[in-house]
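All remarks here apply to the structure that follows.
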Amino acid sequence: MTTLYLDRPSPIHRLNPVTKLVGLLAVVLVVFALPQWWASVAILVLVMVPAAVASGVGGRLLLVTLIIAGPLMLVLIVAQGFFYPGRETILFALGALQFSLEGLLLAVGVGTRTAVLVAASVLLLLTTHPGALMTALTERGMPAKVSYVVSSTLQIIPAFRTRAESILLAQRSRGLRTRGNIVRRVRVLLPLVTPLVLGVFVDVEERSTAMEARAFGSTRSRVSYAVIPDSRGQQFSRWALIVLALAVVVLSFTGVLR
Amino acid sequence: MKVSVHGLEYVYPSGVKALDGVDLEVESGSRLGIVGQNGAGKTTLVRHLNGIFQPTVGTVRIGDWETKGRDIADLAARVGYVFQNPDEQLFARTVAGDVSFGPRNLGVPPERIDELVNLSLERVGLAGEGQTHPYHLSLSERKRVALASVLAMNTPIVVLDEPTTGQDARGVAMIERIVRQLNEEGRTVIAITHDMDFCAENFDRVVVMAQGRILADGEPADVFANGEALDEARVEPPQLARLATALGWTGPVLKVETFVNRLRDSERSR
Amino acid sequence: MIELAGVTYTYPDTERAVLHGLDLSITEGSVFGIVGASGVGKSTLAKVISGFIPHSEGGELEGAVTVAGIDVVKATLLDVVSKVGLVTQNPFNQITGARFSVEEEIAFGLENLGTPRAEMIERVGAIIARFGIQELRDRSPFALSGGQQQLVALASIVVMEPVILVMDEPTSQLDPSGTRLVFDIIDRVAEQGTTVVLFEHKLELLREHAQVVAVLAEGQIVLSGAPREVLADDRLDQWGVGSTRFTSAARAAISAGLASADSAIPVSLNEAVSYFSGGRR
């Protein structure tokens, strides 16, 4: 299955998926409400790092965040450091280019904000099984069809890879050569892609029959088989987080937090 | 064309050992049936013949070519492999277009290709469907197109992966006819099958596999009388063989005519 | 339990009717086998009995179809589906992809039917035990072999406790051991009173497990009756249906003058043993 999820016995993993989703939402709101460079850094250090440690997947989280946000941060530092118009304090110079503190701080602020958003999202995905997330959301009113699109896509796509390999073997067994120049490689695409695409249509028809045979689409009220644990504490925390995040947004907009 | 397999071992990248020392000599022009449970290594073995797999240990020879280091597309000139699922290879807009794919890749001259395509379609009973779109045909008809597309490649060796699965009586009869025709043309036919009756009646050599090894190898009469090997491989003997055993007859019975002759003999001896 | 009268069906955008004035009557609690050549309309008939024709496929359906007391044409697909289960031949395409574990995949149909959780847990647990698939519980349904997937698909339908189970060549893509497992389950399900309608090519197994066998040919049921009589009928060949080797051997013996044409022709191994040990004179 295509997923970032890593199974660990951590408190973060055990949280209800909606709690984690609300947490992510709160982080997004706060990080955009407070544009100061130190706000993003504070959230990174005070919220994301402890959460990463508690989750037991800190290593993978760090890696993915670095891969996504790292290059961006470097580009920002160079661009803003050397070219930020509001430059006053010069730290050093490279030939005609002057590197300013203001530029550096701006870059750090934006880069860290991106890093926080990436880290929070990836942490959610690393600690939450897609099935649990879908069940939790469906219990709260998300249409079952959305859940189905997500779960079936995550599971069936890898199966297509296996099928693509089989198609390749079958065509090579009929003499198709796959190495060579670009023109040949393009011509080779048709006998490889066509069966894959047509196969999808054949499958979709049969699979939709199977779905109907399982009474999918019925309007009867449904209880989910899987139990997603929740608690009063978490319910309270979710409301508290939303209130807190909204408060920060309001305070920031009204100029109190500057 | 002869097929030689010596000391063949194969280990999947996952570490699973699928073949544990297989030796097999298939004489040119013979018909070999391979039986055994799923997971016994039948498909893994047979996929070494056209280069899909390369031996971990041991050698595989197709005629005078060793398969080591040879491209599947090269071996396709000697070994035609008929896969089970036609929907994993049909791609052309017409049946004829798909059937001609193989010969085209093999560099067969265009005039000869038309001939081969028509002959193959006739053989599988789809003579008038050359211009039909393959996906307008039913699944069993699509299987026949896939079979025709390999027959059109005119290879000295033909490998059939479970050719009778899902076929009705007429479909099985067609496959039997094709096996016979290929044999009459001097081609080597190798088939993996779960249908013991089909195997007993249409092949002159049978190999029983289990857990990556060959447990029995010989004429159908001998192999299907080898209760021990069949048990270990969890394979049931063909219907007539079981009947003969249940009637207390000794010696093999694989075909209806043989059965009737033995019946006649046992009458006379009363 | 199942009554089809004068059923004629034409697929959308086609002209030739696949089923013509078909009549079929199936009593409760039996395993009813249906044989026929490929392309003759077995899958079509399976879909008519299970309600997918006309509700899912469209096309033109005439005639009366009454299944488990429901008029299939007037009812909704959901009404029919809660009473009639359908299992088809491709294992992979019956794994819905809606759930990530075998256990939840099996429960999926019950969820859709609005079953209370405690009952779901009990029924799913019972089915998993009955089918002997405990080790597969937590595995991804897509990581299983074809035979295992077919068992999961079957479990997912049987857990819904359909009154009628329609099976369209369920063992077609399975090896002999997978086939045996499916037939075992057919027996057990039938013992519990479910009516099983089984479309199959494997005649020896059909003889062993079915109480009634019918032949579909030329868009109609042309023959129906006790398995031994139907499967030994000499018109099967013209209808594109084969015979067991036991039957062929008996016919050849008759032609060779070694057996009388009057004794009942065998279909199964045991019948053949009796026949050739002296029952044929």
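Chains here go by letter, A, B and C, matching the order in which they are written, and residues are numbered from 1 within each.
We adopt the following convention: a residue touches a chain if its C-beta (ideal position, glycine included) is under 8 Å from a C-beta of that chain, and two chains touch if they have at least 3 such contacts.
Given the structure is predicted, the values throughout are model-derived calculations rather than measurements.
Asker: Where the centre means the average of the CA atoms, what chain is farthest from chain C?
Answerer: A
Asker: Could you quickly compare A-B and A-C and let me know which has more C-beta contacts?
Answerer: Between the chain pairs A-B and A-C, A-C carries more contacts.
Asker: Could you tell me the distance, in whole angstrom, between the mean C-alpha positions of chain B and chain C?
Answerer: It comes to 29 Å between the two C-alpha centres.
Asker: Just how far, in Å, is the C-alpha centre of chain B from the one of chain A?
Answerer: 49
Asker: Distance-wise, how many Å sit between the C-alpha centres of chain A and chain C, to the nearest whole number?
Answerer: Their C-alpha centroids are separated by 45 Å.
Asker: Two-or-more-chain contact residues of chain A, please, as numbers and ranges.
Answerer: Residues: none.
Asker: With touch defined as at the start, can you tell me which chain A residues reach chain B in the complex?
Answerer: 163, 166-167, 169-178, 190-191, 194-195, 198-199, 202
Asker: Okay, in this complex, where on chain C does chain B touch?
Answerer: 36-39, 89, 145, 147, 169, 172-173, 175-178, 201, 204, 237, 240-242, 244-246, 248-249, 252-253, 256, 258, 269, 272-273, 276-277
Asker: Chain A touches which residues of chain C in the complex?
Answerer: Residues 50, 52, 56, 77-78, 81-82, 85-86, 88, 90, 92-101, 103-104, 107-117, 120-121, 124, 140-142, 153, 156-157, 160 of chain C touch chain A in their complex.
Asker: Considering the complex alone, what residue numbers of chain A touch chain C?
Answerer: 1, 129-131, 147-148, 151-152, 155-156, 158-159, 203, 206-218, 220-227
Asker: In the complex, go through chain B and note every residue touching chain C.
Answerer: Spelled out, the residues of chain B in touch with chain C are 37-38, 138, 140-141, 165-172, 194, 197, 234-236, 238-240, 242-243, 246-247, 256-257, 259-260, 263-264, 267.
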